[in-house]
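Please see the structure below; I have some questions.
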Amino acid sequence: MLVIRPLQERDLDDLMTMAEAAGKGLTTLPADRELLQRKIDMAQASFNQRCEPEAGLFLFALEDTELNQCVGISGIQARVGLDEVFYNYRLSTTVNASRELGVHVQTPTLHLTNDMTDTTEICSLLLSGSHRQGGNGLLLSRCRFMFLDDFRRHFSEKVFAEMRGVSDAQGQSPLWDALGSRFFDIEFSEADYLTGIGSKSFIAELMPKYPIYLPLLPESAREVIGQVHDNTAPALRMLQAEGFNFNGLVDIFDGGPVVEAFIHNIRTVRESVNRHVLIRHKPLELDVPAEERVMVSNRSFRDFRVTTVPATCISPDTVSLPPEVAEVLEVESGDLVRLAPLKDGGPLPIHTAPGQSR
Amino acid sequence: MWRVRPVQQGDLKDLIKLAGDHGSQVSSTLPKTEEALAARIDESVASFAGQRSPDHYPRFLFVLEDLGRGQVQGVAGIDARAGNGQPFYNYRMDALIHASHELGVSRRVDVLYPSHALTDRTLLGAFAIAPKLRGTEAFELLSRARLLFIARHREWFSERMVVEIQGIQTEDGKVPFWDSLGRHFFNMDFDTADRYSGMLSKTFIAELMPPNPIYVTLLSPQAQEALAQPHPMTKAVMALLQQEGFHAGHYVDIFDGGPVLEARTDTLKTLVTSDRKRLRLAETDGGERCLLAASEGGDFRCILATVSESLNDVLRAPPEVVQELQCESGCDVTVAPL
Amino acid sequence: MLVIRPLQERDLDDLMTMAEAAGKGLTTLPADRELLQRKIDMAQASFNQRCEPEAGLFLFALEDTELNQCVGISGIQARVGLDEVFYNYRLSTTVNASRELGVHVQTPTLHLTNDMTDTTEICSLLLSGSHRQGGNGLLLSRCRFMFLDDFRRHFSEKVFAEMRGVSDAQGQSPLWDALGSRFFDIEFSEADYLTGIGSKSFIAELMPKYPIYLPLLPESAREVIGQVHDNTAPALRMLQAEGFNFNGLVDIFDGGPVVEAFIHNIRTVRESVNRHVLIRHKPLELDVPAEERVMVSNRSFRDFRVTTVPATCISPDTVSLPPEVAEVLEVESGDLVRLAPLKDGGPLPIHTAPGQSR
Amino acid sequence: MWRVRPVQQGDLKDLIKLAGDHGSQVSSTLPKTEEALAARIDESVASFAGQRSPDHYPRFLFVLEDLGRGQVQGVAGIDARAGNGQPFYNYRMDALIHASHELGVSRRVDVLYPSHALTDRTLLGAFAIAPKLRGTEAFELLSRARLLFIARHREWFSERMVVEIQGIQTEDGKVPFWDSLGRHFFNMDFDTADRYSGMLSKTFIAELMPPNPIYVTLLSPQAQEALAQPHPMTKAVMALLQQEGFHAGHYVDIFDGGPVLEARTDTLKTLVTSDRKRLRLAETDGGERCLLAASEGGDFRCILATVSESLNDVLRAPPEVVQELQCESGCDVTVAPL
């Protein structure tokens, strides 16, 4: 069985293996043992509320209970920009018009902003190559929205994700080459690495503070602004299906888009319902296609757990769970669990009565 | 024989020829269409006559006249107040320091700021002369006669003066600074912008120029090279202005990136070395080669002459000089050494 | 019966009456006969596609068929900022931090932007006092989203609405007094009037272009930024329920919020379905409470019409309409119409099969 | 008898007293804590000894010593390069013109731009003197001795000089300019910021000051009034500096909005009127009251004396003057009239 649970001490080796296999480009999880250990410590402190709510870093592990191994990770950073300064460019429009001449020019412009300061970020998604099927990526990503909604007071109204921008096979970023490198004399790969180990705000201090008029940049740089790396396109589509939108914020180095959503607008949040657990000993075929499965969360903050069950388990008031599922979720009969479809256009409606939307 | 005098309506034809002669190769702030030129002449005539309204600062045009052939071979202007009551835009070149304490890095970043700080200074401009006269005494006469006019009407002009020097343009008429910057915002080629600039109120510049500072490093290499560089054909003009005491400061033209020269009016060589004298009719031999200016406003005249000084602020000049100046013995003149 | 239809020549008198009754504060519809006539002409040109698609101004009238009178109006401006320059302030965050001193200061800042340039605006909502009940306001507002979705190619992906900001009983705006009036020496009411007659961009030219740091403004001005006038609060709530969000843009004069939504995220769009018309002569009680009614649109561009019918008319594949309803909608049996709930949490689901979401 | 000489470690106690004496009422750029003062003295001693590294520009402190009582009664400083290798921040006051062609309205809008344009100019500062000495000869000696030091080491200093004049502070210690502007961004009161500014590297200013221009009209009326105004207690200092040729330009202090005075180094009165002479031991009666400076670097001394000039660049002085200067007959001195 595959289950989501808080990242733990014993996941370090598995995490290191995954980070090494992922290679460059995953700036939030570099293959650096000390750094990964620090992340695990922060995650533990966050789930156990031993740190300020704003400092929380909630990292979830996807555990394969048969292999007894962590095969994926995803995260929520409760607030960004409180320790360091968090920068983005905002792709904006400057209009200059002369009625006398009948000229009206729209100039796309990048403005440096700190607008995501104090906002919740979803981050650090990584899934082991061996498990990239059967909706595991969706589970890893969407479980976070159930957590966000159940514990809203710890998070901002709006959440965002930074998507990796365009770089070529050699790791060169067209935007960095045209813009960042003019102000800071290092290669993109190095800037990217420095970002990963937490030095991004230092570099940002050296970046231009006045607006950048895009017509002054070469076509190669202009066309990647707000575009994702090919490898990141599926993740972007998934977030878009959840209701995340590109609102003009991009990464200051590679121009990758920031996508945003208000928690109450997120599809998983909108389409989820609560049911009481009914433990059923009658055998059940758990192994149904992803299309027919729903996510079940135990709604626990300290020991948040999510797995998937066939949609057929759901009744108007209850959800029937086999004992082994109840055990990994750490729930008993009568507990209230939360359900949401795993896939877009998955089993719907699980709302039962007109008017009941939550 | 050369004489500099205020422009008149009758000069229009000669001016059109002059403006056309140079074409885009030596653009000057002189308008290029007949209509705009005629309007500019009207403006000058009214200015010399003191008929400008309080909203409209005087704009003077002087012509260089070949007395023998009765033909105008050059033109030069003064705007009493740059911008003529509206903002006068330039870029101010400045540098920012980008420093990171933690990384121990500090870097100088060159920036162009939109500026109208030069508004209301006195502006020399609209200079054009027949190519064969470049570098001659007539060339110097045309350029410096304006300064003698200022010396004789000092209170009409500002404390500080500016001149825009034409920037770099390639053989095929391209303006690298414009192509890298202005073109994107004005959505027109350099010649069109240049034409509008001579023709229309400058409001369109305020409306269309980029409102925020520009990082020099993002301009094309050609534009960066051209920044604050004068067009090679402006060498003679530049040299003369620098001798006068003009120097390149922090400002450049927003169209072609050419340098804007600045000076304090009262420290200009022509103003410092000029004297007010009384002209006395006398046969002289030898003496000093001078610029000689007489009369006020629309009657202003300036010529080249060889005169000799005597005591008591008297200047002795032969009859032909008095005649060229259209004045009489005993009249008040301003003289400056060549 | 109440029906939505394109604004027409004959509505001028009714419009003038409504505008006069509304008084000040409705800047998009001042009681100016000539201006209203111009708006009608523009609306007619737009529906009949006699103008550029970007110039379209789609104005809808709510007609009371018994009174034969226009009792409300609402509109869509296809694109703003193409003729004039369209300004907003963006409420943004500036962060200054010194590690050496342990100081981290977030300064809310207003940045002048043209970011709504080329975006679709919903505007001009006005409902006659006599008809402010029974969901008529909802019909007038929400009918627009059915139009937007059916004719998306004429509009931008994102749409927005400017909400009236705070002003006191004397018509004084705290933000204008603290900011605008410092740069332009007129009263707010005059600025507001100039805005209504289309001079807003002239005034904007005189407004400050550099960012405004909010701590420099008095408390009275700071606290109204992004806040709506009491009279506008219900309209804001309605749009929020539709999925519109405040993303930081405010009016440059009174600080009223701009709320935005991507068309595909709008609730009316998400929850609407198409059905074939079945004309049914069996008598039907049309006069049911708003909660039990759904909107029906005829999906016509030139003669867009919407009215409401009881939810009970809907079957899995068809919708049954009495002949008089079919007549005002100008539809016949077999035509495809669009249905959407009138009220939040109204009759749902009208989706019938799992997986059918559109 | 008064003498100005480089500060020494032994002066710390007197300096603390001096810094404390004035409190916030007459804040100067002199640090206020013992630790910071001691460090500043070390810096000065190293600077006079020429031991500063290339990254650290020299910062000199001079003290005014009462020779009779062996007590320090004043202090004054020179930073060879304002900012000491880092950006030196001020606000530049400028005006924008907001104009609408269609509405026929044009309006002047005053703006403060963050600027580090004054970086690397030579900065006079850290001036503090016992209140009873204000307006006396000793006051003038302390202020101008620095300029004679510059005259004797001209190559160590820049072309242009600046002095920050303390801005307006109310009776109860409030600083209206700070309260209306800086406080919001630095999140601390004026005294704290002032203390940091004397103690720490100025990096925090770059990190915390608002990055964008400030509209003057949005400041409190009190702050607008205080803008570019000197504290009443700085009158004597201002007057002396203005006599030297300093004038208020476009810059103000980012903390209290006080004016920044500017001058070209070589046009300062003390530099223009000073002469290098040879000192000759001689009984004199009468003569002229002068500033007299001798020696280089850490041995520099400056006193007030009545001396008489003779031909051949020789200055005749009585033995007590030679003794006060700690030099010998025949030594090279710089003299400037009082």
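Which chain is which? They are A, B, C and D, in the order written, and residues in each are numbered from 1.
Rule of thumb we're sticking to: contacts are C-beta pairs under 8 Å (C-beta built on N, C-alpha and C of every residue); 3 or more make two chains touch, one makes a residue touch a chain.
As the structure is a prediction and not an experimental result, all values here were calculated from the model.
J.: Please work out which of A-D and A-B is bridged by more C-beta pairs in contact, and write that pair.
T.: Higher C-beta contact count between the two pairs: A-B.
J.: On a CA-centroid basis, which chain has its centre farthest from subunit C's?
T.: D
J.: Could you put a whole-Å number on the gap between the CA centroids of subunit A and subunit C?
T.: Comparing mean C-alpha positions, subunit C is 33 Å from subunit A.
J.: CA centre of subunit B versus CA centre of subunit C: separation in Å?
T.: The answer is 56 Å.
J.: In whole angstrom, what separates the CA-based centres of subunit A and subunit B?
T.: Spacing between the chain centres: roughly 63 Å.
J.: What are the residue numbers in subunit C that touch two or more other chains?
T.: 94, 96-97, 100
J.: So which bits of subunit B are touching at least two other chains?
T.: Residue numbers touching two or more other chains: 99, 101-102, 201, 203, 207, 211.
J.: Tell me, which parts of subunit D touch subunit C in their complex?
T.: 98-100, 102-103, 105, 107, 109, 111, 180-181, 184-188, 196, 200-201, 203-204, 207-215, 217-219
J.: Considering only the defined contacts, which subunit A positions touch subunit C in the complex?
T.: Against subunit C, the touching part of subunit A is residues 81-82, 84-86, 92-97, 104, 106, 111, 113-115, 117-118, 158, 243, 245, 247-248, 262, 265, 345-349, 351, 354-355, 357.
J.: Touching subunit B in the complex: which residues of subunit C?
T.: 99-100, 209
J.: Give the list of subunit B residues in touch with subunit C in this complex.
T.: Listed in rising order, the residues of subunit B that touch subunit C are 101-102, 211.
J.: In the complex of these two chains, what residues of subunit B are touching subunit D?
T.: Listed in rising order, the residues are 86-87, 94, 96-97, 99, 101, 106, 116-117, 119, 201, 203, 206-207.
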